[in-house]
Amino acid sequence: MDISESVLNYFLIPAVKAVVVVILVATAAGILTYIERRTLAFLQVRKGPNRVGPQGVFQWVADVVKLLMKEDVVPAKAQHFIHFLAPVLVMVPGMAVFAVLPWGPEFTMRIPGLGKITTAWYAADLNVSLLLVLAITSIGVYGIILGGWASNSKYALLGGLRSAAQLISYEVPMGFAVVSAILMARSLSLVEIVEAQRTHHMWFILPGLVSFLLYFVSGVAETNRIPFDLPEAESELVAGFHTEYSGFRWAIFFLTEYANMITISAVATALFFGGWLRPFPSVKALAFLDLIPPILWFVLKVAAFLFVYIWFRGTFPRYRFDQLMALGWKTLIPISLGNVVLVALAALGGMRGLRILGTVLWVVAAGAFLVVTRLRTAKPPTAPLVPVPVGARKAEA
Amino acid sequence: MSEIVGTVGAVEDSGDTMLGLREMELNFGPQHPSTHGVLRIVLKVDGERIVSARPDIGYLHRGTEKLFETETYPMVIPHTDRLDYVAAATNNHAYVLVVEKLLGLEIPKRAQYIRVVLDEMQRVSSHLLWLATAAIDLGAITPFFYTFREREVILDLFEDYCGARLTLNCMRVGGLEEELTPGWIEKLRAFTEDLGSKVDEYEELLTENRIWKQRTIGVGILTTDRCIAWGVTGPPLRASGLAWDVRRALPYECYPELDFEIPTRKNADTYDRYLVRIAEMRQSRRILLQGCDWLAANPTGEIRGKVPRVIKPPAGDAYASVESPKGELGFYLVSNGGNKPYRLRVRPPSFINLQALPEMAQGHMVSDLVAIIGTIDIVLGEVDR
Amino acid sequence: MSFWDDVLLLDIFGGLRMTGRHLFRKADTVEYPEAAREPSDRFRGMFRLDEERCIKCTLCAIECPINIIFIDWHNEKNEAGKNEKVLDRFDVDLKRCMFCGLCEEACPTNPKSIWLRTKTYELGTYERHEALYLDIRKLVKWDENVKPFTLVERGEGR
Amino acid sequence: MADEKNGAGAPKPPAPAPSAATPAPASKPAPVSTPVANAPAAAAPKAAAPAKPAAPAKAPVPAPVDAMGEPLVAALAAAVPGAVVSAKKMVGQTTVEVAADKLVEACRHLRDAETFTFLVDLTAVDWKARDPRFDVVYWLHSFDRGNERVRLKVGVKDGEACPTVSGVWETANWMEREVFDLFGIAFEGHPDLRRILTWDGFQGHPLRKDFPVEGIDTGAAIYPDRYPEGGGPGPGDKNRKTVS
């Protein structure tokens, strides 16, 4: 290996990739804000932003410019340094995670003057990349807590505290859900997990139905989104931990939230939905689906998850703090523990075991769903009200 | 006597709690997204649990009752619009009722029906607004847009009828100012028939939703006895199990002729108040349909009784009330025989219902406080007057 | 039953189905400046005065709950030698107006001399003291902002 | 609460609904025995006169009639001796004039024995020139007596305190605060008598007849020492915030 090649492989290409990733992520987060507003508007029978550019697609650019221009207000009694540090602490891990997200397989391209280069749609393929994702994303919570505390505002403090408890609690079921995927693929590398779904001839959503639901619910909680958006609950804590932030520091919190949504969706895609693989990767009859490039498959899957995020936001009310904790500790964690045991037992049986588990899970779920919905149709939409004769002293208790 | 008695800002420190931690004093409002206006609540919280809540009102005090005393009787009506500004028709109604009572006026039947129809439209619109804001307080943003879609139709109907959408000024002493526009009844009927399915939509979003249920069931319980002790009327009282509604208890206008039920629930919590209001919308729909039928069958007739040119009620006092969307809205009129009210007191349901807030919020969490404020359904224009 | 409801997240899916159904509905909103909706015939908007018809009785000013109509007049002999009231001043302080319409109701002429029922609701302005204080010139001259009014038959019982 | 126990008994026949359709006969003049009640009642024939020509003949103008004979009033007078000063009825609504020192006792009797468990409204009226100057008005409701309502009136002199009924009905708390705030009537024994609608430093009581409708300048006029000409806290004021 000569020096120029190692410079190329170990410095130049990663550097280019790093820059591209950061730019792309920032852009994607910006665009996502537009898409969210637009989608919410459609859910809510209105039109949404449609003025800047065709159909308003440059709305996010205008917003970013506006936020850059805004005065950066720091409360007089805030801890200035920490107040400044918090957005950085939130943003850096949010961006760093993208280094290991497997957007596509390896590919070879020819660059004039450099010859053939084999590289991949990811910045790095670590053998512990899944661990890295979990590790790095949990750093972000420090930024939120510190930002909430340093603002010297009671609302921000409450938001920061809620956030700390919430993020730490939901790390646990999320970790267990991820463990089950690791057990199925027998690897910690995201790239290998994706490839394992090719060798297993199925996406891990089949045996990992429960794992996926746990992962996604925890993921929604990790990203502070409705119905788990307590740290920034607008109607309760004004704006939660970023109440006292303005201008671009606030924008950093905001954009990182969207970047985190992309991260969670991308990891879910890689773990349970076959990453860049097309549906039924081993069925030859569906080979025409290969016309869509792998990276596009990945992006489509991520987009579907993001849509679900937005759909959730358009539909659900918000949990209360203690209910959120109860859900995390009393429901999700026991289920996730049981699920890990179940998946581990199935994984002992190798591919056959996983298939049996997947079949059983889906049949039970679908059967119960059909039966229960059939039975439910008879039920009136409202619980009956107690009819009381007029003028009676009190409804008969 | 007129010196300052106590100050709002000075809350004595209650000392330490179990773990040696201090209770925190939290200023909830007056500029807070979910206080529905300019309500300020001084909270003492232990973590997120509310130790005590003290509402501080008056930020919107405009001296309306003083203003009433300077206006002649017809001129008071536009001012009543601005008490509960999301339910102007019922305000107008309560006011004209009390003047008519003191004058001993008979109201033509047709005017009574139109008034009742306007009242019930206003009730539906107010409940829709309540549902929108209560849902948004609990984090559900979408019902807001669905309910406003329907509310818009009602406001359009109001605009068709009297030219204003919110501050209607639509009733007059002795009856009404204006006849219905042609086609108005048909438009109203079309909307009303549609309303049931729209209410089903809101219910599908919220009634069975587990988060909505968790957030509302068992929150802010106020039993019948406590409701009566605090003077709480309207949906909170009915949600506690007492079927008491001014429309039936102290009937006015043509309500005795109309067929409707008073929905009640037993658990007296936020969820039951939600269900009662939803059911009230359905009952209002029933009344509206009956009103439409009657008005369509009697398309002409007097809409204003024999009113003297200058309204001068005899000296004396009277009280009249209507069931406003918030509760019993009453006006107490003292006349000295002149052409202006000597004293006109409003019995504002929001003000009196709000008084029960500390008891309802005690021991709950900050998030629940938002739900409880939402469920009382206050309008600060009426609280502060 | 309720256990399976809980496990299968039926309430969750029900809500999602509800909002999802709306995803494909047409938006109910209109884009305001391009597609403004027409107010109703009785819409209470901008003031308008017909000086010819006005008999200077000042009833509108008397009936105004917040006294924003200012009328001064004096007597002049007309050609027939009769005393005729001539307006010196007819001002409406629109800034404070609450659009109750009692002035129009009080007007004794038929048809009315003062109207509030114009289909105009765009009263936003940069100089409110200038634009929203109507003197006689502004009241009798139709602004291009003031859309044509419709004379509505008044109901019975007046 | 007490009404729970009494609620088991047979409900009494409903009182006549206070509707506009039942005006008292105008021919019967109002025999009012006390000077307290005289002021509004005496004005009646005089003031009603101008309205008469316009009023239609079939709807007689309501006028107050004596209601001392009403069973409720009689029972109250018997149960709390000296409480009932006078009673009259107008437009179907009974008003009982109660002596101030017997007020709480009368209220307790009405709540416990007569099941008036619900205080609908509490307010005051300022009769500027009269002595006693104020009427404090209570409007009670009974669920068990077929939604019967009765109004109590208490004359209160300017500067004198009225006994509080917040111990009888909790809802009186804010209503009495409001009356205190807007009329300046103190309520003796009230647990939390502070201003409620106006701000805490406000001087004057807006609903008194001698308070100007235009309002008062609440800045320099009230605190000439604290707020210098032009407004804002003065240099030595503790409320003055220094901008750092």
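To keep things simple, chains are lettered A, B, C and D as they appear, and every chain counts its residues starting from 1.
Everything below uses one rule, namely that contacts are C-beta pairs under 8 Å (C-beta built on N, C-alpha and C of every residue); 3 or more make two chains touch, one makes a residue touch a chain.
A quick note: this is a predicted structure, and the numbers were derived from the prediction, not measured.
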item	value
By number of C-beta contact pairs, the top two chains	B-D
Longest centre-to-centre distance from subunit B, chain (CA-based)	A
Whole-Å gap separating subunit B and subunit C, where each centre is the average of the chain's CA atoms	26
Centroid spacing, where centroids are CA-atom means, of subunit A and subunit B in whole angstrom	43
Approximate Å spacing (C-alpha centroids) for the pair subunit C, subunit D	39
Junction residues of subunit D, two or more chains touched	143, 147
Residue numbers of subunit A (touch at least two other chains)	43-46, 314-316, 391, 393-394
For subunit C, residues contacting two or more additional chains	10, 12, 15, 18-19, 22, 28
Residues of subunit A touching subunit B in the complex	40, 43-46, 154-155, 158, 162, 226-227, 229-230, 233-238, 313-323, 381-383, 385-395, 397
In the complex, subunit C residues that touch subunit A	1, 4-5, 7-8, 10, 12, 15-16, 18-20, 22-23, 25-29, 31
Contact set on subunit D toward subunit B in their complex	1, 3-4, 17-21, 23, 40-41, 43-44, 46-48, 50-51, 54-56, 59-64, 90-91, 93, 95, 117-121, 123, 125-126, 137, 139, 143, 147, 149, 151, 159, 169-171, 173-175, 178, 182, 184, 186, 192-201, 203-207, 211, 213, 215
Complex interface listing, subunit C residues touching subunit B	6, 10-12, 14-15, 17-19, 22, 28, 39-44, 63-65, 98-102, 105, 116-117, 154-158
Sites on subunit A touched by subunit C in the complex	39, 41-47, 50, 311-312, 314-316, 365, 368-369, 371-373, 375-376
